[in-house]
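Read from first to last, the chains carry the letters A, B, C and D; within each, the first residue is number 1.
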């Protein structure tokens, strides 16, 4: 009986302690942030969206290779010799046309792994998080600044040059082969000429 | 007003009698749902609804209501259709009908019957029936479990509720709630306290505590909200309900909460009597004081709701049958002795 | 506390040289290769022997060795009383991958073995509930095999996005 | 309605599905409950709804470092601890020396993460039992930790912060002050939690003597972490098998004592977590004192990770228990096999053993008290 009374008393006491805590909070300040009106300030280096400073990109493909989910899609075309693409702000010479640099933010897992290998620090996360879309394909960000015609032109040029180079190389190879054949022929002749001599000498003995 | 209406047509008086509590319930429910969410918000360091209607989202409940009206009315394929549709309305009807005997003010009571308390307790037990109906008709195991729990709980807790109400009736000497309220008028207990029943007899304080715990259980509030305990039984008997039918459950639940709080205010806190004697009394002030007392009790119920965890079903029964019922009957006997001696 | 070498010697005395081999990679932990047929006895001995007392089966993993056409099961054991650790390994051919279950010795092996069956396709003889655990029961193949080809359709639904 | 006649009792039994969509299964867990009235006679956990092929992915990656972001996603509530185990495994395979400053920052981060994880676990446990407010009070505190993490790593949930023998970036200059401030403000909150929840009589009645896990069963099921300690076993890898620099710090291992009920019940498991948070605070304080101010955290990171042939099993103490990584290397750039021994997976398999004969409401308490994260169960 006494124990029951004690237990009841303890129950009531713990309930009142709890109610004391909640009523203190009732009159305390709230921690809610009214989101669209008030926004939390993101710290520097917050990982929210990938951004590429395309002017600094040298097309080395390191970020695409570092990505665990393959959300970076890069296509490069070697610049022809008559074009100088200049240098990046870090001083690296640019050798490739970037005909495609797409990042699919729907796939991105915000791991930051692509940021570290970049030699020119041109790919990085920006603290911008309000970019929801109705269509998933709109989440593919195109960073290449080349116009489609330009891309076609560049590709054609590159192909031509590649073809020319190929032709040149073939020419060279042919020449080399010819020369080699010539040389071999000469050597053979020489050998032919020399052999009988030897034979004669041999026979002479 | 009602006399005037009955002069025109007897039906008009009935309609007015029906409309007044309904208006009170509906307005109260809109405010209370919003209020509960605000209270929950403030207790939890949040703000609660803030968007609809400008100042602190006051129109949130109205927006919710509009949404619920538009929602598709889903009935499970294998549900018992008639019972499923009927249960929420029966539940609301039960708690609504009980308001007839609540004396809202010295000038207004729905029905001045002599067995008011008896009528109220009888009509609220229909609630149990509708909960079982809803749980069974849904053809869902969780609903069924919720319904069965609820039936057991409400049937059990009716006993201590009735025993404590009986204690008050014993002291007051009347089953008519108007009479009970009228006899609590005045301000001379111990010289300064109002003549409320809770101050008149020490055993009535115990009775009030038992009564309050029982009405928490009767109206399914934490720590006794087992029928709808969302973390165990998903939604209890409400699991399969949506749209307007679900809203009826919600309405009935809040109406029930108000009903029992108002009953508590009438029985223990002097009903529509002003706490300051004659100061600020009169029919309109009476209504104000009455609702204030009721709403304070509702606030305490909400405050408890957002503080405590819930009991388990066997512990709930243990509390009822092993503690509250014996205690309330002992209390009844002791009150009677006190009344005889003094 | 015993080193893995000492534990190996200890076991060799008990079970003979044929059943056990001590192996070690260039780096990392050594392990004892146990004949599949004896693994249950070895496990029981390891758990109950006063010098061993391996009361915890920390991890049980299935492996597929495509080159040798074998599947393996690795048992990482630890003794909380004697603070010693040992790894056991069992290798069986891939076309008859039956390994005795150690569920009766360490209860925790129950789910681990089901997972090894699910992922690598090792069959555990004597397991009380030998079913897939992560994948649905009617899934084809065992994903963690190196030669696994994902099925095109599962119950009429394409498995590729 | 599926009804079966029980062979043992002859009663009609009801099979009921708890989950996969149920408010208190902490994710997509499905429990098949065989009921006799409201009493559970059998539990069959069904998992796999959140299986994301971590192990297969790890084998497909062409670099060991690319697996680290995936380890985050196993137990998304304590991502830092998951990374910690993995990088330690790689460091041991490559026999790398980790700079002092890196170790200190790692320990601080791991302990903060432990607190954050316990806050979620405790809060959700309370929520399961119907106490809503403690959950949100604890979440407020957790937000503060996440704020610190965001300032350090740039992310709030999945950090990818630890690199092999280093860190992905250095901490910001105010890190020490921020953390010290958090430690200062957090201590009173634990007392408040005890007032509101831990020693609340209703809460005790709901959790004491429920789901009792005896020591012997715990070992047989290889339980670890707070679940094992709740059964009264003083077993913590940070002390018993120290990794990183945990051997330098002074802290206690809180164990269950059966204070309000039987040893090894739900309340014991709960209170172990509460007390562990205090110990984590102690470790953080010591680590903040000992942390060197200078030092490059990125210099020791190897350019290429190519371990020699061999295999390793490394275990660390995460908030949920013992996380083991079994990694097999075959000299190539990608791991031959990575197996994660997830504590939640093991603890969930204990469930049928400890929940027989309890009520549905107890089931909720038991699932809450073993604090599973389904992402880790299914991997």
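Rule of thumb we're sticking to: a contact is a pair of C-beta atoms (placed from the backbone, for glycine too) under 8 Å apart; a residue touches a chain by one contact, two chains touch by 3 or more.
From a predicted model like this one, the values you see are computed outputs, not experimental measurements.
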Subunit D omitted: connectivity of the other chains: A, B | C
item	value
Chain closest to the assembly centre - both centres taken as Cα means	D
Computed distance of Cα centres, subunit B from subunit A, in Å	65
Whole-Å gap separating subunit A and subunit C, where each centre is the average of the chain's CA atoms	40
Rounded Å distance, subunit C centre to subunit D centre (Cα mean)	25
Set of subunit B residues in contact with two or more other chains	43-46, 306-308
Interface hub residues of subunit A, defined as touching at least two other chains	15, 18, 21-22, 25, 31
Residues of subunit D touching at least two other chains	133, 137, 140, 196-197, 200, 202
In contact (per the touch rule at the top): chain pairs	A-B, A-D, B-D, C-D
Residues of subunit D defined as touching subunit B within the complex	1, 14, 16, 22-24, 38, 126-133, 136-137, 140, 196-197, 200, 202-203, 205-206, 359-364
Sites on subunit A touched by subunit B in the complex	4, 8, 15, 18-19, 21-23, 25-32, 34
Touching residues (chain side subunit B, partner subunit D) in the complex	40, 43-46, 141-142, 145, 222-223, 225-226, 229-234, 306-315
Footprint of subunit A on subunit D - complex, ascending	61, 63, 65-70, 133, 137, 140, 143, 150-151, 153-155, 158, 160, 168-169, 172, 192, 195-197, 199-202
Subunit A partner contacts - residues on subunit B that touch it in the complex	39, 41-47, 50, 303-304, 306-308, 323
